[in-house]
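First the structure, then my questions, so here it is.
Note that the chains take the letters A, B and C in the order they are written out, and that residue 1 is the start of every chain.
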Amino acid sequence: MDALTIRNASAMPAPTWGWLRMNDTKIEIPVELAREGSVTVEAGEDLTENHASFEGALTELQERLDAARGDAEDTRACVRAAMRETESLDDLDTPALSTYQRRATLEEIAGDVAAAFETGVHIDVRSYLNFLAGNTVVLATEQGEDAAATVRVSGVSGSAAGASVDVVAAPDSSIDLTISLDGNAAGSDVAGLIGSELRVFAGARSHVDVTVYMTADAAFTAIDDAGYVLDEGARVNVRHIVLGGGRTYTGLASDLRGDTARMDIDTRYLASGAEQRDFNYIIRHRGRKTISNMDANGVLTGTSKKVLRGTIDLVHGCKGSEGSERETVLLANQGVDNKTVPTILCDEDDVAGNHGATIGHVRPEQLFYLGCRGLSQEAAEALFVSAKLEDAALSAPDKDIRANVVRLGSALVDDFADFEEEIA
Amino acid sequence: MSTEALLSVSNLTASVDEKTILHGVDLSVRAGETHVLMGPNGAGKSTMGHVIMGDPVYTVNEGTIAFDGADITELSCDKRSRAGLFLSFQAPVEIPGVPLSSFLRASIAGRPGLEMRGKEFRRRVKELAAQLDMDTAYLNRELGVGFSGGEKKKVEMLQLLLLQPKLAILDETDSGLDVDALSVVSRGMDAYRASCDGSLIIITHNTRILEHLSVDRVHVMVGGRIVREDDASLIPWIDEHGFESFEREAADAAEAR
Amino acid sequence: MAKQRTEVADIDRSLYDFRYGEEGFERLDAGLTPEIVTEISQRKDEPEWMLEFRLKSLEIYNRMPNPTWGPSIAGLDMDHIVTYVKPNTDQKADWDSVPDDIKNTFERLGIPEAERSYLAGVGAQYDSELVYHNMQDTASKMGIVYSGIEEALHEPKWEAIIREKFMTLIPPTDHKFAALHGAVWSGGSFVYVPKGVKLDFPLQSYFRLNAAGAGQFEHTLIIVEDDADLHFIEGCSAPKYNVANLHAGAVELFVGKRAHLRYSTIENWSKNMYNLNTKRARCDEEGEIEWISGSFGSHVGYLYPMSVLAGRRSKSSFTGITFAGAGQNLDTGCKVVLGAPETTATVETKGISKGGGIQTFRSSIVATPAAEGSAATVSCQSLMLDDESRSDTIPSMDIRAKNVDIGHEATIGRIGDDKIFYLMSRGISEEEARTMIVNGFANPVSKELPLEYAVEMNNLIKLEMEGAIG
């Protein structure tokens, strides 16, 4: 059997020059993997026995949006441009659109939540992970309820395991979801795959916290594919801790559909050896006064490679919204390759979008401070690597995940066992 | 040059961006002594501390810095630290992603007599934190991120006590303004002197920090030059008269040059 | 009550929007065939290698796809673009010999006036050919060569150099319109500044495309030898038609060791223009390229000047502004390759979109493994003047070297109501207040231009801002 290859995965919405090889990625699903490994969901019965569904939640939201929609004719230049059959210079006031701009305009005027729903990696990945999972677990809260759940995917060499989870947070409820994507190769270099597929509907004023720890050994391919829809006033906090995995793909797409919805994403990653990290974040601001923050902080060592695509899309109508993204990357070795594309798309004027990236070595003032405490540049860089692991261990949601981090850390850092003893 | 001096700075001239900040400064500190470096704002006091510590921002144009019998003028700051020099910062820099405990462990790694195993390290650090009345939860937080002024000061003093340097330069230019910070620093200095009888250079323009402290020498700096050196009796005099007379004399001297 | 929105009437661009007939002009057939390419070459009496180069480029053009990531160029029907229009004159060295229509064009654009007052030399191209070229004696005495590139191609000494450099920075395989340029290029300037020579006054080339449905494909080749210094200014404009015009020029700049080149452009093509221009500079050790770029015109623009920092400690700076009004989709930015140790690059851009116009900032910073100790900063600000326009920022960074320092900042937003209110409370009209703020926003670019060009740029902004208040 040939390897299954998913092309055009984790694609950024508005592409740039092809020669940069940043627009998207190709995911190779290793051949002949058995469909096994363990997937467990730890959640109270009240969460899994609620009959709400993700689709149902979207339908209900759609009805409300449609009811609120005006029927005024839209004569904006981009709409005229997107709707016309052929391009002609007879009308010099109508601009030529790029393929992306045309699609974005059509999607905006359609106003169809379900049709616009996307996940960050790829629809084919969604199908594949759903197939691995067999069935989708629905975690639905009751109005006003506070709940928590943990999903653990533990891969073994030579096999593929995936989880598929829908979260439907009822209005004014809160849910704290932890996903552990771990693969213990136990010294084997036989390939394995783990992944999780997540769809989240965050109802009005709900709070959804999602923490994903990726701690797989280098023989594993790991995929974290997620799509979010936020209703009015919903708050979503996402933490992505990506520490291990030979090839990892983290994709998140978020539709801030309701007014005043807010999404915060905190990503921390480490790549060592010949590992490859791929991140694709797409945040679409559609409701008014929506807020998003993306913060990524990473360290690359060995000959590792990383791509991070972060897109803030300020869609027409999202008045008063603010989106920001920031990335700090430390390149701790000659031979690493860091690619960053922080994109802002903006079709609205009363908004603020900003992004920043700092790539390179330890900042001079940090280096001097660390030097004053006896750390050479090499020691400072090593500190950033071990600190990434120690920080992840210290803030791990539970002891099993902490043990996974420590397993990975002991393989990467010489005296990590010392740290393990210290925090035990 | 006195052979018994622990730190000996001679004829030190240093600049930043081609602007000379220090002009031929001499300073000598013997083991166990406590010195105070005073002067008005912008006199070059903090620069002095940074240059002694080897901040690469500054260029040493002339002069030498000798410490513990060795010329350290050309050494990088991490080597100076390992030789037993310490500089406290007004505030530690923020280093997101690096827990305070990870940083502390890295700072003692490979130091003879200071390196500790995991449990022992945790115990020692918690002990010092208690001494400084510092919440141990900070140990797991990212260095400097979201710390208050007092907490930042505690982090600096904690390091002073953990590293036990032979000479500590405490840059307290701003501390005089904050009562909490002041008491943290006083407690830190007392504990440091009690535990290892180390030498101190305290940089300040506020004399309150010097109360209850036995000071051996006072140096007054104006315009990048040491303009006066005396014993502790100079402190109450400055308290009363300020730095105006020194500044006037310095201005006259500059005119004469 | 809803705030009144921008309503842009067709802007009075009469300053640039005037046209003359083509009596006596020679037009080749529209479209692209080996026959047309061969005819262009034969008319120019070119060396054989150049014809071969053209034909090879045409092959490449035919097999390369159109770009898929940028603004649509579906309105550009290559079968109807006339690639070669020769005006009814040969190149002259004094304005009086230039035919009246053409001379009047350049008079109205202020070129001879500028030449008299502060330029060291001027080249003026009308459609496919240079019609005027002149340089002051002082400059020629310094050994500077500034001539039409075709003219230089007929001198054996320069032919060898041109052959060695021509389309090496921008190979025809680079993209489809580079290939097109290779096939049908015509006109443009050749500048050679010898070692150590520093020219105090700028040289200028002005490109005017008068013919409807035509393309302009000039090639600019500048060599600044070691320790030399040059400021080169490029201007362009065209009258407006309701058929597509195409500009696919190429600019290749070679900056020697410790040499300095400033390349300033105010692009003001008419709004039926597809501007698919390519500019690239290569810097040797400690050489420095400075790009100043103002993009105002065109229906569709693709413009990303590129700096290849090939020598240790070479430098690049890019300062650009793009103003997209009604009907415009301008995709602009820059590319930098940090290809040697301790190179530095700065990019500062401003983008403005208004009246349904679309402005995209696109960039790439690539640091190769050889770039140890290099630094780059990119700063990009976009201003939205209404909620019907669009502004996208798509920067990219590929960093493969250690000990580098790469910083990127971008912001997008609109003019704060508080600023408008403040100015209006001091008795300034809203339109005037907005224009002032936009001019202030553009200031980092205009202050880098010679005064006369800064004034032109501010006037262009003013033109674009007129009628901006409903």
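One rule holds for everything that comes next: a residue touches a chain if its C-beta (ideal position, glycine included) is under 8 Å from a C-beta of that chain, and two chains touch if they have at least 3 such contacts.
A quick note: this is a predicted structure, and the numbers were derived from the prediction, not measured.
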Chain contact topology (line, ring, star, complete or other): line
Of all chains, the one whose CA centroid lies most distant from that of subunit A is B
Rounded to the nearest Å, the gap separating the Cα centres of subunit A and subunit C is 39
The distance between the C-alpha centres of subunit A and subunit B, rounded to whole Å, is 45
Take the average of all CA coordinates in subunit B, do the same for subunit C, and state the distance between these two points in whole angstrom. 56
Touching residues on subunit A, where the partner in the complex is subunit C: 14-18, 20, 22-23, 76-78, 86-102, 314, 316, 319, 329, 331-361
Considering the complex alone, what residue numbers of subunit A touch subunit B? 268, 297, 299, 328, 363-366, 368-376, 379, 382-384, 386-388, 390-391, 394-395, 418-424
Touching residues on subunit B, where the partner in the complex is subunit A: 53-57, 76-82, 86-87, 89, 92-93, 95-99, 101-103, 105-109, 111, 117-119, 121-122, 140, 142, 159, 163
Provide the residue numbers of subunit C that touch subunit A in the complex, in ascending order. 8, 10, 68-75, 240-244, 271-272, 299-300, 324, 326-329, 331, 355-358, 360, 362, 364, 366, 369, 372, 375, 382, 384-414
